[in-house]
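Encoded as structure tokens, here's the structure I'll be asking about.
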Amino acid sequence: MSNIDVDSILDLSCLAITDERKKEFSGQLQKILDYMSVLNNVDQLPDPQFEWPISKDVVTREDVPKLFEHPLVEQNAPDFKSGGFSVPRII
Amino acid sequence: MSILRQIEKDLNSGQYTVAELTQAVLKKIAADDTNSFIESFDSSALNTAAEIDASDQTSSLIAKGMPVGIKDNMCFENHGVTCASAILDGYKSPYTSTAVQNMLDRGFVPVGRLNMDEFAMGSSNEYSIYGLVDNPWDASCVPGGSSGGSAAAVASGLVPVSLGSDTGGSIRQPASFCGVVGLKPTYGRVSRYGLIAFASSLDQIGPFAQYVEDVAILFESICGFDSNDSTSELRTDQSFVDQLKSGTLTGKRIGVPNELMSEKVATSVQDAIRKTLKTLESAGAIIDYFDFKYFDEALATYYILAPAEASSNLSRFDGVRYGHRSAKGQTLRDMIELSRQEGFGDEVKRRIILGTYVLSSGYYDAYYGKAQQVRGVVTQRYSDLLNQYDFICSPTAPTTAFKKGAHEGDPLTMYLSDLATIPVNLAGLPAISIPCGLDSNGLPIGFQMTGGWFQEQSLLQAAYELEQRLAFKPKNQFRMDPLL
Amino acid sequence: MTYELIIGLEIHAQLNTNSKLFCPAATDFGDSPNTNVSPVSLGLPGALPVLNKDAVRMAIMAGLALDCDIQERSVFARKNYFYADLPKGYQISQFEFPICLGGKVHLDEFNKTINVTRIHMEEDAGKLNHQGADGIAGATSSIADLNRAGVPLIEIVSEPEIRSAKEARAYMEKVHQILSFIGVCDGDLEKGSFRCDANISIRPVGQVEFGTRTEVKNLNSFRSLERAINFEMKRQIKVVESGGKIIQQTMNFDDVSGETSALRSKENAHDYRYFPDPDLKPLLVTQTDIDQVKSSMSELPDAVRQRFSSELSLPDHDIKVYLQTKNLFNFFESARLKLNVASAKDMSKWVVGELNALLKTDDVLLERLSQDDFAALIDQCSSGDISTKMVKDILPRLLKSEPLTSVLSALGGAQISNESELLSIVNSVLAANPDVVAKIKNGKVASANFLMGQVMKETKGRAKPDTVRELILNACEAQ
């Protein structure tokens, strides 16, 4: 992972880090990714039943609305205005 | 031995009230200097205690009023929860997680939230904004992680039981380092609703205690199907305490992976495990060794899948609706970037970057896709092995507790310390760590037993049997001292 | 050089459920901001999605109505990106394994079938209300309202087989008609319940490869779709003819200026990092499930059209109205069975005309109209017992739940067709208007209308017009 790669990954993950950290991280991540090459030792494909280890069908619920109100929703918000979550300008 | 049963006896005989018990625990926490608690829930705990004292409702499982600590990643309505991260500083949950609710319904009294590695990412509890936690056996050592506070609080006798969560060993490894019992249940046994997610397909809540019986009691209190968690399982076998003492080790087939009795593991740890296997053998179990073959692959798989899921799970921390918001961002995008930069610690950032990378276009198949395939292979391997063996046994961790700062700047070495616990999470199996001895430095060693899917009953029975024979002496047993 | 237009549409239709796709928050439109929410739709730490059974049923219905193969196994995936209206930082959608594959939509007026690539389920995003300016540009801040976040959507993706703006419009209208008619989508374009993205490219006629396409987002009316495509086609041709290259990008369409414009390039460079959502296991649908949904489904629009046209001889216009207005259709389908004299076609004329017009006024509810009374009214009209004028007078009163019998008796009874009874009234009217009679005798037959009006006035509209007219003309001649 070169420095340029880290920048695009940081962009995708919406993270800003210092150049110093960037350098440190790329070295560490390179080491970790090198370790991942052991996966190429496995060429066997698992039996499909082991794709998800436990049961395989999703749980569903009835279509019944339920109200949720809690003062903490507003209290936790960094900037709550006119009933909504206010954010800085987008463009 | 059971501390909860002892407390029950005392409560029933009127030795002290739940309020007195709770008060005493809160005082202990206030006086504690191991940093295992982040916050104690003084007023809500005392209110709950008073309600229990005033009510004549009883519980069939265990008397109401048992104090319990919860890891700082479980939501509890009107209480703070931060995952030991600056990004959730000051956040209070408007709802209660199912595991905590189940526990409340059984009459447990949550007394506070426990220190952990930020977002459960770590094996030493060193990545917490609330600072390091002392290992109760040696304050210069780490308690393990990520549920370091949960393990240390029990080991130092602050609370009789606590809850942690285990994604790659986060219950079992600190249990091992702190000389307590920790259970990671089968994936789907305990609802994850209200557990702040690290890696959704691996996370599972589980109990800590000094004795197997107390682990079984807390486990039975929290487990069960939950319609709020699509991955929770509807099971009929949900009683573990009744039959706990009716098991036998005679004839039990035990498999031991050769790789975990090799140079990968400290000699003193190997010695203690060998001794424990002898104990099992003398109790009538049949010991067999095998090559697991996939430890390195499992570790690599884990460090692709867990960060991948985490990178997505942690996207909701954007400073828009709750949590830390940077004062500096002029635009929405800048605000989100800076809030995340300021709010997340280094290890979390490292894993977000790693996880984003393995999911990004051009790398997905080579990393994420490949890892899913290997996860299936590992699961299938376990399935085959568990047809041959009742339990797979090994050391819980390759070493005993290491010194604080030992792995600084070297995340890969830290990751390698999860070798024995990680494959179990990939397969979603239940596993327990029980203390089986001390090394030459007087630090505890954990013995890990892995059972088949949903075989917690037989796993707990076997662990209980073994515990009786090992007679491990805890460091600081929880004691009710009304004078405190 | 002549160019061929290549269009593929992605239609987003909100499903008509009571609660959201993955949580029990209500889906009502227009409530105060952030009241239809839950820990899940607020993206709170620790919240987990649980799939709405009815949303699955409706997605299957849509798939069956569009002739798709319903997949036994579909997988929810996370589409990752950051935005203030996306509370979890990812949208739960279906990517590799959607619930429906391969359908078709037939466009009668073009005698052409457009193939549907797939239908997948996903959650809608919230809404941003921009402050300090009309739009996003120039706004000083924005306020996120998560009432819409998590509302179930299906996305219907067509093959790039559409060749004109008119075809695109016909396709969008047809899909709209089908989904509204089977009840899986309320079809309200103004509320954004039904909207579409258009992928547009051009190529010289005869060329096999597709040109580079642009994607125009969020078209929320049939007209906007047509206009956006026409504008984008002209723009692309101009770029190519002046030697330029089309850039693959996402565009907005401005309804006021009628022009498309590119979104900032950064928003185009998305790598969504789709992966299966670990909070949700695969959705498994059995053939039994599908059969059950199928048996509960109402007739599809094409079948209704066929039946109404061949069995009931209804004009195309009437059929179109029924296919657009489900409650009118339901009313007509059961009320017409209660007719004894009139034909269904007779009744339809009244339903689509007078009744439909009345229903467009505010306080009128179809539910208040008795089907028996309505059928009896139409029967009496057809048998000549009451005039069309009377029907028009009576219908509003029936809609206020007045029984037909009491309305008729208040009006003094049914139509007067008895000639001797009418003749005395006609004679008195003629006697009172000798000048008009003279005009008629001089050949100005149209003046008879005035006299008819007088007779109607005398009889409170109950006189049978044909008979009155005949009586007036005969009487004038005889004088």
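Which chain is which? They are A, B and C, in the order written, and residues in each are numbered from 1.
Simple rule for what comes next: a contact is a pair of C-beta atoms (placed from the backbone, for glycine too) under 8 Å apart; a residue touches a chain by one contact, two chains touch by 3 or more.
None of these values were measured; they are calculated from a predicted model.
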B-C versus A-B: which has more C-beta pairs touching? A-B
Central chain (by mean CA position): A
When the centre of a chain is set as the mean of its C-alpha atoms, what distance in Å lies between chain A and chain C? 40
Cα centroid separation between chain A and chain B, in whole Å? 22
Rounded Å distance between chain B and chain C, as computed from the means of their C-alpha atoms: 55
Can you tell me which residues of chain C touch two or more of the remaining chains? 39, 42, 50-51, 80, 82, 84, 142, 144, 271, 273, 280-281
Touching at least two other chains at once: which residues of chain A meet that condition? 12, 14, 55, 58-59, 61, 73, 85, 87-91
Quick one: which residues in chain B touch 2 or more of the other chains? 91, 93-95, 227, 229-231, 311, 315, 318, 320-322, 332-333, 336, 356, 360
With touch defined as at the start, can you tell me which chain A residues reach chain C in the complex? 12, 14, 52, 55-69, 73, 81-91
Residue ranges of chain B in contact with chain A within the complex: 78, 90-95, 186-188, 227, 229-233, 294, 296-297, 299-301, 303-304, 311, 315, 318-325, 329-338, 340-341, 344, 346, 349-350, 352-354, 356-357, 360, 367, 370-377, 379-380, 383, 409, 411-412, 415, 426-429, 453
Parts of chain B lying in touch with chain C, wherever the complex brings them together: 73-75, 81, 83, 88, 91, 93-95, 97, 192-197, 199-201, 227-231, 308-309, 311-312, 314-318, 320-322, 332-333, 336, 356, 359-361, 364, 368
Touching chain B in the complex: which residues of chain A? 1, 5-6, 8-10, 12-17, 21, 24-25, 28-29, 31-33, 35-36, 38-42, 44-47, 50-51, 53-55, 58-59, 61, 70-73, 75-79, 85, 87-91
So, in the complex, the side of chain C touching chain B is made of residues 39, 42-51, 78, 80, 82-84, 87-90, 142, 144, 271, 273, 275, 278-281
